[in-house]
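Shared chain: subunit A. Partners: subunit B in the first complex, subunit C in the second.
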Partner chain A sequence: METFKHLVNILAHPTIMLTVGMLVFLFFFPPNDWFEKWNRRLRLNFLWTKKGFYFVMFLMVVFFLFGLTDPNFSLIIKKPDNVPIIGLIFFVFIFLWISMNQALKNDNLIEAGEKPEEYNDPEDKVLVWPDLVYIEFIALILCMSLLLIWSIGLEAPLEGPANPAESPNPSKAPWYFLGLQEMLVYFDPWLAGVVFPSLIILGLMAIPYLDTNPEGAGYYSYKQRRLAIPIYLFGWMILWVALIVIGTFLRGPNWNFFGPFEFWDLHKLVPLTNINLSEIIYIKWFNRGLPENILVREIFGFLIVFGYFLLLPPLLAKTAFKKLHQNLGNFKFGFFIFLLLCMLSLPIKMYLRWLFNLKYLIAIPEFFFNI
Partner chain B sequence: MSDKKKSNIFQRLGESQVWKSIIRSGIPRTRRQRMMSVLNSVFLHLHPVRLPRHAVKVKFTWCMGGLTFFLFLVLTITGILLMFYYRPTVEYAYTDMIDLGEQVPLGIMREIHRWGAHAMVITVWLHMFRVFMTGSYKPPREFNWVVGVILLTLTLLLSFTGYLLPWDQLAIWAVTVGSNMARATPFLGHEGPGAALLALGDINFVNIGSDVKFALLGGRFVGEAALLRFYVLHCIGLPFIVMILMAIHFWRIRKDGGISGPT
Partner chain C sequence: MIMNEEGKKEQTVSGNELGQGSTPTGPTLKEKVRKKEASASIGKGTFEEEISRRSFFSWLTIAWIAFSAATVAFFAMMMRFMFPNVLFEPPQSFKVGYPKDYTVGQVDVRWKSKHGIWIIRSPEYIYALSTICTHLGCKPNWLENEQKFKCPCHGSGFRKTGINFEGPAPRPLERFKIVLADDGQILVDKTKIFQYEKGQWNDPESYLVV
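So, the complex of A and B:
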């Protein structure tokens, strides 16, 4: 048992969990033929069958029940404000399953040259009263009952009175912003707290204008939207929900990482050895001091960042995204690829940190400009 | 109509002058009455009269948009009740919270409001997820998706502003973490890149007493003024905008041709 808990503690570390998550993700949501081939071969679509549903639900329920028996883990999951996140984990899976299950059915129908399941004769309509009204009524009663049970069973938390002189450790943002707080580990606040959130909102708004694929409108499908769906799901499930889960359950005092079954030790020491790119290059490689001039000092960082945002897009337009570039035209494609690169910069920065202890690519603390 | 039916109490009620003055079409029994009852009611008239079959299935919409709206209504009602007891001052806020649980009859208003708010955040996400997976943002519904994204942002902000009001340790530190980011806003925050450029000689236009964080909190840190600002935004400012946007959202669903479906 102890070895199992120890194993989970190790596997839950973001380096392992996110790496495995991202790799597995592409096979479950194949963006191209190659991944789809493997998806077929490994029969991963089993997950979207009824058996797959029960299988995963069983595993999740057992895991949390087991977690309740552990003194450390149960402390975290029983915290009243964390209860909704456990609900979120289940709901995300349940609704992902519902949509993928229907999507695959429709994919098969469409492949056979038929209309998707949702299709019906335009003349054949049902009346809102009673057909819709009673469903709404039932949904409303169920929702209200659930909310009442939840409210009677679980008291809303109230901690000690506000004291500006004494900050709790860890101080966490409300759970729906924990993805942003997790981003703060890798980026400075001006990026993690301001620029990226704005880009997330802008990017979400831009989806209908950037996804010009006319197929798959008004019914569940996967194959016809092999680019849009994986990108969206990656952003939502991995960069949003998974980071919230990490932030809630696995971040303890001093925002250090703690495995689910690990004790939240206030004095856990994690060596801080992060260094900037300029220091790696000038001090480690060239064996000399940092140049005085800021631009000279940070030139390599600037080259990398500019290369990433200016050279990659035309390169991708000629190779991987050739068709997309033709469809969208220069302007829309440029915007799309900018948003995509921004989104991918988070996992990239994570790996730079994990592999090279890299703190900043560009570090100009004089102007609060660190990337 | 037979005499036997006339004697039915519901039938009699439905024919009475009072009932008919309120709900003109009587008790919806016939097809015509059913259609009229939707058409004549302010609330039901959010819906069209008839819908394609797939649109009323739970497995298509998951009812998520509707439940989000319902939770919003629950939050409005419980929120109004909470406002009877809660005073947004550093002196009273916390003790009013304790009284809400201990002194007020039916003291679960705070619970319903708090858990309902969490639930609403989750249902908005799931609703957006559904809309994405059915490709319902594609033309002609692009703009309604945009309205939806604004609603999502406002829902999160509503939740965030409400988080401060209990004025306990959880509240002020969560909001401190959140609002600390504002001071790093490029150009507009005093610790943001570029802010130093907005200066005339020695005078910084963007300083600790004039940046966006100051505007948000009404001070340099989370204190009395921040509490009042968050209270006003939470109870009046944001709900006001949300209601207008919801009206647009619902109107547009109808104007964009009703719920999406394959053609």
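So, the complex of A and C:
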């Protein structure tokens, strides 16, 4: 049992967990033929059947029940702040399962030359009175009783009087902002706190204008939306939900990483010394001091960032996204690829920090400009 | 409504004039209307009477002045709120005892909660560090065993000198002006800030030679 806990602690380190998570994600939500081939071969669609549903739910319940027996993990699970997040983990899977289950049913129907289930669904129509109102009434009572039990059963997570001189250790944002807080670890506040959140909202608003694929409108389908679904779910599942889970369960005192079964040691020593790209290049590689001129000092960072945002889009338009580029045209495609590259810059920056201890690509603290 | 009826009335008046020409005997309809307008003023109108253009504008002027006055008063009160009668903030410039009170190599955390500074005594000099993280403004903790300041919000780490070396903090902690007062005590002035990235830590006011 101890070895199992130890193994989980090691695997829970974000470097491993996120890498495995992103690879597994591509096989479960294949964006191209190659991944789909493996998806079929490994029978991964088992997950979206009823048996798969019970299997995953069983695993998750067992994991959390087992976690309750551990003195360290039970502290995290039982904390009233964290209850919504455990609920979130279950609900995210349930709703994902419902839509994927329906999508795969429809994919099979479409492959057989029939219309999707939604076309001839006699139960699609519900009378407002009394059927719908009745359902809503029951839902209302259930929600009210749940909230009542919750508020009586769990103590409010109140802390001592506010003190501007002391920050709690660890200081955690409300659970729905933990993804943003995790993002702030890798970026300057103006990027992670202002630019990226705005781009997330802008990108979500732009979806109907960028996703012009008429297939799949009005019914669930995976195969007909093989690009849209993985891109959206990558942002939602990996970059939002997974980061909330990391922030909740794996971030401890001094904002260090802790495995779920690890004791939150205030004095855990993790070597995190990180340096800027300019320092790596000039001091480590060229063996000389940093140049006086800021532009000369940061020229390599600028080259990388400009290359990323100016060279990659035309390259991707000619290779991976050739069809999409033809469908969308230059303007829409440019917007789409800019948003996609911004989204991908988060995991890229995380890996640069974890693997190479890179702090900033462009570091101009003189003007509060760091990327 | 009111304006419309007024407009109609005037139209009919001018129509009369055009059609009949100026009649020499008796007051014209237009003059009658004018007389009626002149007699109507604030306070005389009843519900039955039509409100004339002149009285409408008088009322509007009063209403507008009242509205502006209320708005100005409201914002004046808002601005007053920005300047409270009593300030609970400690003064920006204060004395923190004598240099001999500080042990060499120690980070003094006594003034963190009251004044938001750490006083550090290095073998050569004394300096005052700001307790505000340069990343997003949380208050880092001094970890004696690890000999570093560590921020609990995003994991930024600073050395004893204030230099950032861990996590996302983009620049070192700021230092404050520190001098000896006339009575031999250390005087810290938080209004004067010295930033490393601007080369200000060489300023003789940013440290106190002991």
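By definition in this document, the second predicted complex is superposed on the first by the 364 of 371 C-alpha atoms of A that agree within 3 Å, B and C clash if a C-alpha of one lies under 4 Å from a C-alpha of the other, contacts with A are read in each partner's own complex, and residues count from 1 in each chain.
As a convention for this text, a contact is a pair of C-beta atoms (placed from the backbone, for glycine too) under 8 Å apart; a residue touches a chain by one contact, two chains touch by 3 or more.
Remember, it's a predicted structure, so these values are computed and weren't measured experimentally.
After superposition onto subunit A, the partners subunit B and subunit C occupy separate space and fit alongside each other. When the two complexes are overlaid on their common chain A, residue A:181 makes contact with subunit B and with subunit C alike. Legend: residue contacts after superposition of the two complexes on their common chain; A:171 is shown touching both subunit B and subunit C. In the overlay built on the shared chain, the residue A:303 is in contact with neither subunit B nor subunit C. In the superposed model, subunit B and subunit C sit 50 degrees apart as seen from the Cα centre of subunit A, a figure rounded to the nearest 10.
In the superposition on chain A, contact of A:119 is made with subunit B only, not with subunit C. Applying the stated contact rule after C-alpha superposition, one finds that A:267 touches subunit C and leaves subunit B untouched.
Look at A:365: by the touch rule set out above, it reaches subunit C but stays clear of subunit B. In the superposed three-chain model, the partner touching more residues of subunit A is B, compared with the other of subunit B and subunit C.
Judged by the touch definition given at the top, the superposed model places A:253 against subunit C, while subunit B stays out of reach. Once the two complexes are laid over each other on the shared chain, residue contacts for A:193 go to subunit B and to subunit C alike. No C-alpha atom of subunit B lies closer than 5 Å to one of subunit C in the superposed arrangement. The intersection of subunit A residues touching subunit B with those touching subunit C, taken from the two complexes, comprises 163-164, 166-168, 171, 181, 188-189, 193, 368.
The touching residues of subunit C, counted against subunit A in their complex, run 112-114, 116, 131, 135-136, 138-141, 143, 145-146, 150-155, 157, 165-168, 170-171, 197-198. Residue ranges on subunit A touching subunit B, taken from their complex, read 81, 84, 87-88, 91-92, 95-96, 98-99, 102-103, 115-120, 122, 124-133, 135-136, 139-140, 143-144, 147-148, 150-152, 154-164, 166-168, 171-174, 176-177, 180-181, 188-190, 192-195, 201, 204-205, 207-209, 211, 214-221, 225, 229, 232, 236, 367-369.
Residues 163-171, 181, 184-189, 193, 253-256, 267, 269, 272-274, 359-360, 363, 365-366, 368, 370 of subunit A are the ones that touch subunit C when the two sit in their complex.
Those residues of subunit B that touch subunit A in the shared complex are 28, 31, 34-35, 37-38, 44, 47-56, 58-60, 62-63, 66-67, 70-71, 74, 90, 94, 97-98, 101, 108, 110-112, 114-116, 118-119, 121-122, 125-126, 129-130, 132-139, 141-142, 145-146, 149-150, 152-153, 156, 159-160, 163, 166-174, 176-178, 180-186, 189, 191-196, 221-223, 260-263.
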